[in-house]
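A single structure is presented below for examination.
For clarity, chains are labelled A, B, C and D in written order, and residue numbers in each chain start from 1.
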Amino acid sequence: MNNELDFNFEDELHEECGVFGMYDFDGGDVASTIYYGLLALQHRGQESCGIAVSDTGSSRAKVSAHKGMGLCNEVFTPEILEGLRGDIGVGHVRYSTAGSSTRENAQPLVLNYLKGTLAMAHNGNLVNAPDLRRELEYNGAIFQTTIDSEVIAYHIARERVKAATVEAAVANAMKKLKGAYSLVIMSPRKIIGARDPYGFKPLCIGKRDNAYILVSESCALDTLGAEFVRDVRPGEVVTITKEGISSDTSLCPTDKSKEARCIFEYIYFARPDSVFDGVSVYHSRMCAGRALAMDSPVEADLVVGVPESGNAAALGYSLQSGIPYGTAFVKNSYVGRTFIKPKQSNRESSVRIKLNVLKEAVMGKRVIMIDDSIVRGTTSALIVNMLRESGAKEVHVRISSPPFLHPCYFGTDIPNEDQLMAHNRTIEEIRDLLGADSLSYLKIERLNEMAEGLPICTACFSGDYPIEPPKEDIRGEYME
Amino acid sequence: MNNELDFNFEDELHEECGVFGMYDFDGGDVASTIYYGLLALQHRGQESCGIAVSDTGSSRAKVSAHKGMGLCNEVFTPEILEGLRGDIGVGHVRYSTAGSSTRENAQPLVLNYLKGTLAMAHNGNLVNAPDLRRELEYNGAIFQTTIDSEVIAYHIARERVKAATVEAAVANAMKKLKGAYSLVIMSPRKIIGARDPYGFKPLCIGKRDNAYILVSESCALDTLGAEFVRDVRPGEVVTITKEGISSDTSLCPTDKSKEARCIFEYIYFARPDSVFDGVSVYHSRMCAGRALAMDSPVEADLVVGVPESGNAAALGYSLQSGIPYGTAFVKNSYVGRTFIKPKQSNRESSVRIKLNVLKEAVMGKRVIMIDDSIVRGTTSALIVNMLRESGAKEVHVRISSPPFLHPCYFGTDIPNEDQLMAHNRTIEEIRDLLGADSLSYLKIERLNEMAEGLPICTACFSGDYPIEPPKEDIRGEYME
Amino acid sequence: MNNELDFNFEDELHEECGVFGMYDFDGGDVASTIYYGLLALQHRGQESCGIAVSDTGSSRAKVSAHKGMGLCNEVFTPEILEGLRGDIGVGHVRYSTAGSSTRENAQPLVLNYLKGTLAMAHNGNLVNAPDLRRELEYNGAIFQTTIDSEVIAYHIARERVKAATVEAAVANAMKKLKGAYSLVIMSPRKIIGARDPYGFKPLCIGKRDNAYILVSESCALDTLGAEFVRDVRPGEVVTITKEGISSDTSLCPTDKSKEARCIFEYIYFARPDSVFDGVSVYHSRMCAGRALAMDSPVEADLVVGVPESGNAAALGYSLQSGIPYGTAFVKNSYVGRTFIKPKQSNRESSVRIKLNVLKEAVMGKRVIMIDDSIVRGTTSALIVNMLRESGAKEVHVRISSPPFLHPCYFGTDIPNEDQLMAHNRTIEEIRDLLGADSLSYLKIERLNEMAEGLPICTACFSGDYPIEPPKEDIRGEYME
Amino acid sequence: MNNELDFNFEDELHEECGVFGMYDFDGGDVASTIYYGLLALQHRGQESCGIAVSDTGSSRAKVSAHKGMGLCNEVFTPEILEGLRGDIGVGHVRYSTAGSSTRENAQPLVLNYLKGTLAMAHNGNLVNAPDLRRELEYNGAIFQTTIDSEVIAYHIARERVKAATVEAAVANAMKKLKGAYSLVIMSPRKIIGARDPYGFKPLCIGKRDNAYILVSESCALDTLGAEFVRDVRPGEVVTITKEGISSDTSLCPTDKSKEARCIFEYIYFARPDSVFDGVSVYHSRMCAGRALAMDSPVEADLVVGVPESGNAAALGYSLQSGIPYGTAFVKNSYVGRTFIKPKQSNRESSVRIKLNVLKEAVMGKRVIMIDDSIVRGTTSALIVNMLRESGAKEVHVRISSPPFLHPCYFGTDIPNEDQLMAHNRTIEEIRDLLGADSLSYLKIERLNEMAEGLPICTACFSGDYPIEPPKEDIRGEYME
C-alpha cells in the first residue's frame, strides 16, 4: 500500500445540519412526528439533536424542549417524547467538527426575548459571523454558544424591537446575514421558514391533513406520509400561522442567476429519495454516472458503486455503457459513529471493519468502481487494494464529481487544502496513489446537467465563490 | 392524626446555591479541589452542579466546563475532573423549584463577550430582575436561561464595553442590581468575588499555600485544609490576579445598620461548622436553644433535637435547663433526593422512611423536642405522633426560630403564605394541629443575640423587608 | 390496503446467535479482536453480547468477562475492552424472543466446575433440552438461566469428572445432545469448537499470524484480515492448545446424507460475503434469483430487491432475464432495534420509517420485486402498496425461497403456523393479500442447487425434519 | 502525624448483607414495600441489591426479578418497581470485598430446579463452603457465582428430590452447612426463613395487616409501619404459606449456650433502633458507654462520639460520668461510596472530606472521644489530630469494644491480622500511635452485659471460635 498517504484521518465529508418545523392546526401533539422526521434527516447530522415544542392553545405559550448529544435513538425515549406536548414545534440534527461538539451547541436554540420565547433550528454557515459577533459584543452582547445561530437570533431579537411582526424581524435581520442559512423558527404561535437568497441549503414545505411541515429534505415527507407542497424560494420568508401560510419574497433575487445551490447536496449529502427545487437527487446521480460513461469509457466486466452514495452513479454508468451492474461490497450497518476505532497497534482497520468485498462477485473481473468524491483519498486507496486482493483483474476508478480543490465556507466540513488528495496533484499522480488502473473525474461542465440548469455553487471544485470568502478561517470551532 | 393538614407537599426549605472560586498561583489543577469544595457545599443545593476552569498560563485562555443535573457524585467522574485542566476556576451547586430545574439553568454560566470568556456562579435572588430583563430585551437582548445570573452577566458585559477592567465593570453593574447576590466570577486571568451591599448571602476568602479561595461557607475551607482569611464585606468587590488580592469597597455601606444578613443561614441553611462574619453557626444555634430554655421552660425528662438542624439548639436547651440531652431519632442517610417517594396508595410514608424513633430512648419519658422551624408543619405533626406511638408520655415542642409568616424574595424557597402553618393561626391552634402538649417559638428579639448583634434580615418572621419587595412574584420559575 | 392482515406484529425472522473464539499464541490481547469479530457477526444477534477472556500465561488462569443487553457498540467501551486481558477468549452475540431477553441469559456462559473455569458460547437449539433438564433436576441440578447452553454445560461438567480431558468431556456430552449446536468453549488453556453431527449451524476455522480463530461466519475473518482455514465438520470437535490444533472426528456421520445444514442461513441469515462449507452465500442467492427468472418469467421494465437480503437474488434474476436491475428503495440505516416504534394512534408506520421508495426509479414502470421470504406478509403487502403509490404500473413479486409452512426447532425464531402467511392459503390467495400482479415462489427442488448439493435441512418448507421434533413447544421462553 | 501507620487503606468494617421477605395474603404488590424495607437495611450492604417477586395467584407462578450494582436508589426506578408484580417476594442488599463485587454475585439468587423456581437471599458466610463446593463439583455441579448462597441452593435442590416439601429440604440441607446463615427463600407459593443454629446473624418476623415479613433488622419494620412479631430462633425454619406461619425447630440447639450471636451487630453493624433477640442495640451501646465510664474514668470537660456509631456509647459515658455530652463532629452526608477519593497527590484527605470538627465546641476543652472500635487505626489517629488542631486541650480515647485481634469467618470483612492496630501492640503503643492522652478499651467481660446475657460469639476479640475455623482462607473472593 502507498506510504505517501496518512491514514490517521477520517476520510469523510460531513453536512452540518438538518432542520424540521411543524404546525398541526388540528392541535395534535407534533413531537413524535418531529422525531420521525429527524430520523429521516439523521444522515445530515449525527452528533446532537433536539426538539422544541409549544402549545398554541394555552393562554401562555410555553416552550418544552429536549436536546442532547447523539443520535435521535439515543437522545429520545418514549417518556421524553410524551413530555413534549404541543401542536407546534421545531427539530434539528447536527454535525460539527470535534472541537465544538458540545451539549451547549446543540439545537434548536431556545431563548426568551422581548416578545416571549423563540426556538430556532439552523442549517448552514455565515461568512460574516465573526464581524457580526464582534459588533454585537461592542453593544454588550453575551454569547453562550459558539454557533452562528446565536448571532442570527440576536439580530432577529434586535429587529423585533422595531418590527411589527416576528417574520418582519426575520426578514430585516436577513439583510445583515451573509452566507448559507436555512432556518426554521418557532415563535409562540407561528412557524417561520427562511432560506438565504443564494439558496445554498435546501428547505421545502409539506402538508399532512391539517398540518404544515418545513423540512430540509423531501424524503422526510414521504416517511411521514405527507405530501410535498413546494420548495421555499431562495430569499423567501414563509410564515405559518393559524390563518394559514403566507410568504415574503422581498429578499428573493430577481436575477435567478445569483442563486447558488450547493451542488454537493446532489453529489453526496442528500438522500437519493429527496427532490430539491424540482431536481431528483437520485436522477442527478444517475445522470453523473451516465456522463462518466460517455466521457470516460473503459472496457470492463462489472460496474460497482462504493456504498451507499456511489451506487446510483454506478447504475447510471452501467445503463449507459451496457456493462453489467453488480454489488462488490458488503457494508456493516452496525458500525456507527460510536464504534471503537482500532488503535494503530491493532491489526484491524476501520475500512475493513466497515466494508468487505464480495470475492465471489469480483474475482477475475475487470471492475469499474464508482465513488462520489475523493477527499483525502485514503479510503479509496484501501478499497482499490481490497478489490485487488479479492482477485479483481483491473480496477478503474470513476468519480462522479470533479476534483476537490477548495475549502467551503457555507456549511460543509472540508479539511485543509493540503490534506485534499487532488490539491497540487495531477490525475496521473492521484491514480498512482490510489493504485488504480485508470482514473477519471466528472467534468466540471457536467455539473450543470446534474442540476438540470439550476444555478449552483461549485466553489469547492472551481474556487469560484458566490460570496467573497471571509479573511479569517471561520470553519471548525469558534473561539474568542 | 390531624386531618386539617395536607400531607402531599414537601415540608422543607431550600437554600438556592453555593459558590466556589479558586486561583492557584503555583499552577496546580484546581478542578479536583473545587469538586471537594462543592461536596462541602452540597447541602446548599442538590439539583445541579458545575465547574468551569481556565489555564492562565496558556497564551489563549480557554474555558473548560462541565455541569449537569444531580449531586456532585453523580455529575463528576475522575475522567471528567481529569479533563478540566486549569489553575483558576469556579464551581456551583444549585437548588431550584421544580419548574425551572433544567440543565439549561445549571451554573456556572459560561459565556463569551467582548473581552473573551467569563464564567459566573451566583447565590441569591434579585428583586428587580424582571425590570432589568425587560429593559435589556428592549435593547435586543436574548435570554437562554431563566436565572437571574444571566441578567447580571448582561450588565457586566455592557459595563465592560466602557470600563477599564472587568472588576470595574462588576462594580458598575452592581449599582443596578437590587437584591441578594454573592458572586464568584472567572475572567480568563482573574477571579472576582462580590457580595451585595446588604450582605444577604455569605462569601468568604480562604488560602492554602499559594492558592486563594472564595467560597460561600467556611466549612469548605476546613475540608480542604485551607485557612480562613476573612469574609468578603457587604458591597465589596474582591479581585484575585497573579499580583495578589485587591479590593474595591466603594459600594460598601458606610452605615452598617443597612446591612441585612439572612438570619436563616444561621437558623437552618448553613452547616453548623461554618462561621459567617465572625459568628459561629453552631454557637448561634446553641444560643437559640439556651434562650428557649430561659423563655419557655417546661418540666421534662429528656431534650431531643429533630436531626440534623435541631440538635445544636437541643444541646443548648439541655445545658441551660439541666434536663438530659438524648437522641430520639435515627435518620436513614441513604434516603436522598432521588429515593422513590411512596405513592398515596402505599402504606409507607416519606417521614417514617427517613426517620425512626428510638423507642428505648423515649419510652415513658416527658420529651422536649427541638426543631429549627415549622414550615407547613406536616412533618412536625407526624414526628410528634411517632414519639407518642413510641411511648413518650408528653411531647413539648420548642422551635428555635420565630413563627414563619412571610415570603422571602432573596433566595429562599418559601411556599405561599397560606401554606405556612403559622399563617393566620394562634400558637394554641398550631399546638393543637401538631398534637403537642406544649409549644413555644423563639422570641423574635432573641434573633439579635443569635447573630451577636450583626445587622440581619428578619423579613420572613417580621415582614420587615430591607428592600422593597417586587410587585410581581419573582419566585420560582421565570416565564415571559 | 388489505384488512385481513394483522399489522401489529413484527414481520422479521431472527437468527439466534453468533459465536467467536480465539487463541493468540503470540500472547497478544484478544479482546479487541473479538470485539471486531462480533461486530461482523452482529446481524446474527442484536439483543445481547459478551466476551470472556483468560490469560494462559498466568499461573492461575482467571476468566475476565463482560456482557450486557444491546449491540456491541452499546455494551463495550474502550475502557471495558482494556480491562479484558488475555490471549485466549470467546465471544457471543444473541437474539432471543422477547420473554427471555434478560441479562441472565446473555452469553458467554461463564462457570466454575471441577477443573476450574469454563466459558461457553452457543448457537442453536436442542430439541431434547427439556428432557435433559428434567433429568438433571432429578439429580439435584439448579438452573440460573433459561438457555440450552446451561444444559450443555452441565453435561460437559458431569462428563469431565470421568474424562481425561475437557475435549473428551465435550465429545461425550455431545452423545446426549439432540439438535443444533455450534459451540465455542474456553477452558483455562484451550479453545474448543464443536458442531453438531447434522451441521445445522455453521462454524469455521481461521488463522492470523500465530492466532487461531473459530467463528460462525467467514465474513468475520475478512474483516479481521485473517485467512480462512477450513470449516469445522459436522460432528467434529476441534481443540486448540499451545501445541496447535487437533481434531476428534469420531462423532462425524460416515453417511454424509445425514448432514442437514440450515438452508435459511443461505437464504437470509448469513451475510452475503460469507462462505459455508464451500458454498458462497452470495452465489447461492444469485442462483436462486436466476432460477426464479427461469421458472417464473414475466415481462417487466425493472428488477428490484427488497433490501438488503433481496438484492443478490434480484441481480441474479436481472442477469438471467436481461431485464435491467435497479434500486427502488432507500433504507434508513439509523432506524435500529431501539427506535421508538410508532403507536397505532400515530400517522407514521414502521415500514415507511425504515424504507422509502425512489419514485424516480419506479414511476410508470412494470416492476419485479424480489424478496427472500414471506413470513407474516404484512411488510410485503405494505411495500407492494408503496410501489404502487409511487407510480409503478405493475408489481410482480418473486420470493427467492419456497412458501414458509412449518415451525423450526433448531434455532430460528418462527411464529406460530397460523401467523405464517402461506399457511392454509393458495398462492393466488397470497398474491391477492399482497396486492401484487403476480407472485411466484422458488421451487423447493431448487434449494439443492442453491446449496450446490450439500445435504440441507428444509423442514420449514417441507415439514421433513432431520430429527424428530419435540412433543412440547421448546421455542421461546423456557419456564418451569 | 505518626508515620508508622499506612493511610492508604480503607479503615472501616463491613457487614456483608441484609435480607427481606414478604407475603401479602391480601394480594397486594409487595415490590415497593420490599424496596422501602431494603432502604432501611442499606447500611448492611451498599454494593448491590435486588428484589425477586412472584404472584401466588397465577396458575403458573413466575418469578420477576431485578438486581444491580449500587444503592437501592440507583438500582430501582418507579418503572422497574412497577414491573415487579407479585404478592410474595424477597430482597437483598450486599457488600463484598472488591474482587468479587460483580453483577453475577448480586442477590437474590434466582434459579429453576426440580420443583419450579426458587429465589434466595442470604446473610452470612459458611466455613465449609469450599469443601461442599468441591464435593458438589465431583458430582458434576457447575457454579456461576462465587457466593456461598449457590452452594446452599444446590443442597436445597438435592434434598428437594427426596423431601416432601421445600421447607423439609431446607432443614435437611442445613444439616450439612457449617457457619453463619440467615436465609430468606421464596418458592412459588411460600416464603421460608431460616437461621443457623448458632444464630450468628439476626432474622425476625413482622406483620402488617395481612402480610408477613421476614427481615434482618427490626428497624425496617418500624419504617414500614409493621409490628414486630418475634425473632426467628437459632436453628429454626419458619414457613409462611397461604395457611399462615409454621415452624420447624428440630435443629434448634437444646443447649442454648451453644448459640453464638455476633456481638459486632450490637457494637457497630446494626442500626441503633433495631432490637435483636430482645436486646436493644441502642441500649447495649449506652451500656458499653456506661461500663467504660465506670472502668476507665478520666477528668474532662466534654464527652463526644465519633459519628454515627460512637454517639450512643458517648451518651452512656456522659450519663454515667456526669461529664457533659456534646457534638464535636459534622459529617458530610453527601460523601457516599461513590465519591471520588482524593489521590495521594491531592492536598485533601478522605477523612477531612467526610468529617469536620466543630472548633467552637472543643476549643480549650479536655475531650473524651468515644469510638465503637479501632480497626487499622488510621482514621482514629487522624481524628485525634483534628481535635487537637481545633484546640482541644486533651484527647482521651475510649473504645466501646475490646481490642480487635482475630479474623472473622462468619460474614464480617476484617483485614489481615497484621493490619489490625491492636495486633502485637500494647495499649500504650496504640495510644502513642493515636496521639491520644489516654486510651482505654471496653473490658471483654463487659460484652455479656451489653448482650444482656445472650450467648454471643466474641471470636474477633478472644480468638474463641464457636465453630472450628477453616484451614484455608475463605474470606474475600472465591476462586477455583
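Note that a contact is a pair of C-beta atoms (placed from the backbone, for glycine too) under 8 Å apart; a residue touches a chain by one contact, two chains touch by 3 or more.
Which chain is which protein? Per UniProt: A, B, C, D = Amidophosphoribosyltransferase.
For clarity, every value in this text was computed on a predicted model and none was experimentally measured.
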### Query
If we look at chain C and chain D, which chains touch each of them?
none
#### Entry: Fewest hops from chain B to chain C - one hop per pair of touching chains
2
### Message
What's the farthest chain from chain C if centres are computed as the mean of the Cα atoms?
### Response
B
### Message
Between A-B and B-D, which chain pair is linked by the larger number of C-beta contacts?
### Response
B-D
### Task
Quick one: report the Å distance separating chain A from chain D, using the average Cα coordinate of each chain.
60
## Note on the structure
In whole angstrom, the CA-centroid distance of chain B from chain D equals 36
### Summary
Whole-Å distance, C-alpha centre of chain A to that of chain B, is 48
### Message
Can you list every residue of chain C that touches 2 or more other chains, as numbers and ranges?
### Response
none
### Summary
Here the pairs of chains that touch are A-B, A-C, B-D, C-D
### Message
Give the list of chain C residues in touch with chain D in this complex.
### Response
60, 62, 103-104, 109-114, 116-118, 137-144, 146, 150, 153-154, 157-158, 160-161, 479-480
#### Entry: Contact set on chain D toward chain B in their complex
32-33, 35-36, 39-40, 42-43, 46, 71-73, 76-78, 81, 208-209, 219, 222-225, 271-273, 275, 280, 282-283, 311-312, 315, 319, 324-327, 330, 332-336, 338-340, 342-343, 346-349, 352-353, 356-361
